[in-house]
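A, B, C and D are the chain letters, set down in written order, and residue numbers restart from 1 in every chain.
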Amino acid sequence: MFRAPVGIVGFSGYSGAELVTLLSRHPHVEPVLLEHRDGGDRPRPLGHEGPRRLPCSADSVGSARLAAVFLATPPEVSMDLAGPFLDAGAKVIDLSGAFRLGTAENYQRWYKELHTQPDLLAEAVYGLPEFCRGRVAAARLISNPGCYPTAANLAIKPLIEAGAIARELGIVCDAKSGVSGAGRKASLKTSFCEVTENFSAYSILDHRHVPEILRTSGLEEGEFSFTAQLIPIHRGILETIYFRSSGQIGSAEDLLEIYRSRYTSEPFVRLYPPGQVPDLQAVAHTNFCDIGWKYDPETRRTVVVSAIDNLGKGAAGQAVQNMNLALGYPETAGLL
Amino acid sequence: MFRAPVGIVGFSGYSGAELVTLLSRHPHVEPVLLEHRDGGDRPRPLGHEGPRRLPCSADSVGSARLAAVFLATPPEVSMDLAGPFLDAGAKVIDLSGAFRLGTAENYQRWYKELHTQPDLLAEAVYGLPEFCRGRVAAARLISNPGCYPTAANLAIKPLIEAGAIARELGIVCDAKSGVSGAGRKASLKTSFCEVTENFSAYSILDHRHVPEILRTSGLEEGEFSFTAQLIPIHRGILETIYFRSSGQIGSAEDLLEIYRSRYTSEPFVRLYPPGQVPDLQAVAHTNFCDIGWKYDPETRRTVVVSAIDNLGKGAAGQAVQNMNLALGYPETAGLL
Amino acid sequence: MFRAPVGIVGFSGYSGAELVTLLSRHPHVEPVLLEHRDGGDRPRPLGHEGPRRLPCSADSVGSARLAAVFLATPPEVSMDLAGPFLDAGAKVIDLSGAFRLGTAENYQRWYKELHTQPDLLAEAVYGLPEFCRGRVAAARLISNPGCYPTAANLAIKPLIEAGAIARELGIVCDAKSGVSGAGRKASLKTSFCEVTENFSAYSILDHRHVPEILRTSGLEEGEFSFTAQLIPIHRGILETIYFRSSGQIGSAEDLLEIYRSRYTSEPFVRLYPPGQVPDLQAVAHTNFCDIGWKYDPETRRTVVVSAIDNLGKGAAGQAVQNMNLALGYPETAGLL
Amino acid sequence: MFRAPVGIVGFSGYSGAELVTLLSRHPHVEPVLLEHRDGGDRPRPLGHEGPRRLPCSADSVGSARLAAVFLATPPEVSMDLAGPFLDAGAKVIDLSGAFRLGTAENYQRWYKELHTQPDLLAEAVYGLPEFCRGRVAAARLISNPGCYPTAANLAIKPLIEAGAIARELGIVCDAKSGVSGAGRKASLKTSFCEVTENFSAYSILDHRHVPEILRTSGLEEGEFSFTAQLIPIHRGILETIYFRSSGQIGSAEDLLEIYRSRYTSEPFVRLYPPGQVPDLQAVAHTNFCDIGWKYDPETRRTVVVSAIDNLGKGAAGQAVQNMNLALGYPETAGLL
C-alpha cells in the first residue's frame, strides 16, 4: 500500500526520534530523515539502517514530494526552514516555540530574540486539535503546542469557559517534567549525576510556556502562577493545578459534567472517576491526556491532576495527530 | 571518652537506620539497638556487627541506663512503649504521629484510630526546635515533627507571624517526597517498578500531616491546600509553596528580611539569595532546611521552595537535634 | 475483521500486562482476561475499562472458544491450569518454569518442589522459535523460555554448534536484569529504596535458569559460570559473555559469519558490526535480541554482549511469537 | 585546634567535591580551593560560602604553606601542576592516570598521548595503601589508584600471591560503575536520558585501567578479560570476578583464610561470610572495599564480588587515606 513520504528535521533529538518511531508504524505515511546537523548516532544493527535519508533542503522536499515536514528543531532553525518548505509544497508542522505566540512582540518578550518571519507567524495555526480541529485541517503551517501548555490547557480551558473557577483567587499550576523535555543537547543541568536523586524547580513564574497557556486559556498573567520542575525520569509531564471553584460548582461530579460535555467524543482525552487521579505510567508511550481531580465541597478547594507523555501528546504524538488532520487521514491513525 | 547509651526501636527501618548512622558518629552518645519485630537484615561483613543489641523492654531501658530512647515505630507501637520507657527513666523521642496532634479527638479524626494514651499526648512537646527550643530542653516526651510539616512550617510560619501573606487568597503547598518517607515495609505502591519512571499524587487535600501544619502555623484548613507526591528517589522532600503577599511586602528582599530576623542564629536553616532556590542535592544527607523564593512585585505572586532530607531534618536528624537539647549537649553535636 | 479470542491468566503481573498491551494491538487475536487472584489494579479512566473479563476456569476457556491461553503465573499454578485448558480445546503457552526442564527430576532439583504433571512435562515443546520453529507450530503446550536463557542461548548456541568456543576453558555469562523480571509481588528485595542507587548479585552459580541454558546449548554445568544481577531499571536484560575462541576463529568477522549463517532470515535477532555492542535502550519495548561482540585475535579472548527486553523477547513478546506460530499467523504479527 | 591547610584543584568535579566534603570534616586538615577553570557552580545559601579560595598557582601553594595538594584533574593538567607544587613544598596526591603506569611508553600506549614528565613518573608512588603503605608514607608524589583497579586488585592480588587461582584458564572481571566515574563534564553519553533505564558496556578488553590492574596484580594481559559497564546510578563500583581455583583450594573457607591472613588488620577492607556478597548500598559514602565470594567445590568455579564507592575508596576517600599516611596522621582520620 502506498505510504506518503513525510520529512523529519531533527530526527536525532528525543521528539524527532519519537516521530520516527510513530511514523514508521503509521499506516498511511513513511518517514524520510532530512539530515541537518544531526549527531549522537547510536550503533545500529546490520540491515536495520532505518528510514531513507536526504539532505535537509527545499530541493529534497520538492523532489521527494514530501506531503509534510516536521521541524523538531530550535525556533531559529524552524524560522529559517518553514518558508522554503512551504514553498516546496509541503505542509509544515513545527514543534518549536517559533510560531506559538501570535505576535513578534510577544515572541521577543519571552524568547529574547527577534522574530524573523512575522508573516508566517501570523499565518500559523496553533495545533491543539481539541480546540481548533477545523483550522488545523485547513492549515499549511501548524504550530505544535508546547508540552506544559498542552497538559495545562486541556485541564483548565473547559473549566474557565464554563465559569467554574473563582479566577480572582488565582490558579496555581505546579508542573513537573521528565528530562527529555529539555532536549538531547549535552548540558551539565541534564547530566545524569545532577538529576538522579534530585528534584529541582526552574523558571519560576517566568517560563516561556506561560504566555502560551494564557493565550489559549484566556487567563491574565496575574491570575496564573506556574512553576516548572525536573523529575528524574525520561518522559512524562504531570501538572497539579489548584484553584477554588466558583459558586456554580457544588461537587466533584459537577466538574465531571463540564469535562464530559467538552471531551465526550475526544479520542485522546481520558477522564477519571471523581477523587481518582492519573499517574505518569498511565500515559507513558501514549498520546493520551489523562485528567482527574479532587474537590472539597466545604471550602471549594479543587485540585486537578493532568498527565501526558511529554514526547507523546506533549510533542511527537500531537504532531502526528495534527498531520493526520492536515493530510486528511483518520485523526487517530498510527496513535492507538 | 564516655558516651551515654541511647536506645533505638525500629532500627531496621529507614529512619531507624539513619539514627544508627548518626548516633554512631555522635561524640557524646552511643546507640543501642532494641530488638522489636525487626527484619530485613542485610548481609554484614565479618567483624562489623554494629551496635550492641538488647531486647526491647522497659527492663532493658532501665538496667542499661539508657538516657534516651528513639521510637522509630508506627504510632500504635509508640503509644505502647512510650509510657514504660519514661517510667524506666529515659527521655523518649517519638518519630511517629502518635503524639503530634494535641488532642485525642484530633488524632482520631486524622489517624482513624483511638488514642490510647491521652495523658502522654497532653504532656508531649512538639519538637520543632526553631520554634520551641526551651520546651524541648525541659521535656520528658518529645514528639518529633512529621517530614512534610517540618519543611512547610519552617517556610511559612515566619511569614504568617509577620503578616506577610494574604491568607484570604489561600496558600498552596505542593509537596514531593522520596520513597523512603513511606517506610521500609514491602508494599506494591513502593515497589521499584511502580515508582521508577513514574510520578504520582496521593492524599490530595486530606494528608495526615495537614493538621500538624495547621496547628503549628496557625492557618485554617480552608486557607491551606496540600498535595503529597512521590518522586522516584530515595530521600528528600521539596515543597513548592504559592501565595500572594500582603501589602506590606514590596520586594523579594522584604521577605529575606523577615526570614533573616527569625533565623539569623539558627544552625540548621539556610536562606538563599532572593530569586534562587534550593534543590534536593543541596540538603541530601544533612540536617539543613534550605529556603529560597521568587517574588513578582507587580502581582505580589510569591513562590517559596523549601527543601529537606526527609530522613535528616525530616526525621532522624531532627530527632538527634531534639535529643541534644533534651540531654544538654550542644544542639549541633553529631549533625554537621 | 474477526479477531480470535485468547486468554491471559495473570494479567495484572508485568508479563501479563505486557501481553495485554501486545495482544490489544494484534491484528488477528483479541485478549480476554481470566481473573485469577489478580490484585494491584491501577485506577482506570472512565470508558477505558480494557478487555473483557471472565472467571479463570476450563468452562470459560471452552465456552468462549479461546484459541489459546497464556499462563503468566507461578509454576504451581501453571501445573494446575495447563491440563484442563488443553482439554477445553485451547493451545496453552506457559510463561513459568513449570515445563522447561524436560524431566520431573530436573525440575525438582532446581525448583525444590515435586512436579505434579510429568506427562504434560514430557509433551511440552520449548518455545525458542529460532531453534525449534517446526515443533512449536505443531505443539499443544508450549513452554515459553526464561528471560536469561533466551538471551544466553541465542548468543552462544550458534557458536557452540560451530565449534567456535574453547569450551574446556569455560564460558562466563555475567547477566544483569531489570527489576520487572522478579514479578509484581511486593517484596522488600524489589522495594524502590532497596534497589535504587544499588546493584546486587544473586543466585551466583545456582540460578534456576542455568539448567535451561545447559539443556538448550548442550554445555556441561562445569563449563558454564552464571551470575544474575539486579539493575535499578524497570525492564531489560544484558548479558556479557566471556570465552576464548577455538583455533578455527581468527577474527571478529569469522564470528559474524557464523551468526549470519544461522540468523540471516530471523526476524527478531539483530547483529552488530564487529566491535560494536548493543545497549538496553536498543531493545526496550521490542521483541528483538541484539548481539554484538569484541574479539582479540592475539589471545582469542572474546566478549559477546546479548540484549533483550525481559518483558519482550524474554517473556510476553516471545510468547506472542510462539502463539503466532501455533495458531498459523505470520510469525511477526503484532510484534514489529 | 590547628588544622593544616591542604589544597584541592578540580574541586567542582565529583571527586573534587567529595574531597571537599571529606576534608571539611577532617580533624587535622582544612581544605583550600585552588581555582582552575572551575565551573558549574551550584547556588549557595547565604553565609555558607564554603572553604576559602586561592588562585591555582605554585605561589598560592607556597605562600599558604599547603601541606598537600590534591589534583582532581585530567592527566595533562596533573602533569603540568605536579612539579611546581612539589617545588613549592607540598606533597602532591594525583587522582588522574598521569602517574600510574610506571613508564612513559606504557602511558603512551594506553592514554594515546606523550608523557611530559617522565622523571616525576619514575618518582611517583602508587597509592594502594594495603600493598605499599610504607612507600606511600615516604612519598612526595602519590599516584592515587584508578577506581576499577582498586576494587579489582584488592580482590585478586591476595589470591594470586597465594597461588589460589588457575591462571592458565583466565580470569574474567566484569565491572560496573556508577556514572560519576565519568566525571562532571557535560557529554551526551552521560546525559540523564541516555543512561536512565539503560545499561551499556564500553572499552571492552581495552580499558585504560587494565594495565594498572596487570601491573599491580602481576597478571599477563592474555590472562585477564575486563569489561567496563555503566549502571544508571550516581556512585558505586561492583566487580564480579570469575576464575577456577588452583588445586590447593578445596572450600570457600580456604579462600577466607587467604583473605584474612592478608587483611586482618586492614581498616578499610571488609570480608563477608563465605557464600554472601556485598551490594553497592553496603559501601556507599564509605571508604570500605567489601569482598564476598561463592565457590563450587566440585568444579572449582569461583565468583568473587568486590564493591567500593568509586568516589570513596575509588577516588577521594583513598586519596585522603594516602594523605593521612603521607602527613603522618592516623590512617583512618576523617574516614570513619
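The rule is simple: a residue touches a chain if its C-beta (ideal position, glycine included) is under 8 Å from a C-beta of that chain, and two chains touch if they have at least 3 such contacts.
Treat the numbers as computed from the prediction; the structure is a model and nothing was measured.
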| request: Identify the chain pair with more contacting C-beta pairs: C-D or B-D. | output: C-D
| Relative to subunit A, chain with the most remote C-alpha centre | D
| Intercentroid distance (Cα basis), subunit D paired with subunit C, Å | 39
| remark: Taking each chain's mean CA coordinate, subunit A and subunit D are separated, in whole Å, by 46
| said: Rounded to a whole Å, what is the gap between the Cα centroids of subunit B and subunit D? | reply: 37
| note | Touching two or more other chains in subunit A are residues 194, 196-197, 232-234, 277, 279, 281
| query | Where on subunit C is subunit B touching in the complex? | reply | 14, 39-40, 179-180, 184, 186-188, 190-197, 232-234
| field | subunit D residues within the subunit C interface of the complex | value | 169-170, 172, 174, 176, 194, 196-201, 204-205, 221-222, 225, 227, 229, 231-236, 238, 240, 242, 244, 277, 279-281, 284, 294, 296, 298-299, 301, 303, 305
| message | Touching residues of subunit C toward subunit A in the complex: what are they? | response | 42-43, 45-48, 196-197, 270-273, 276-279, 281-282, 285, 288, 290, 292
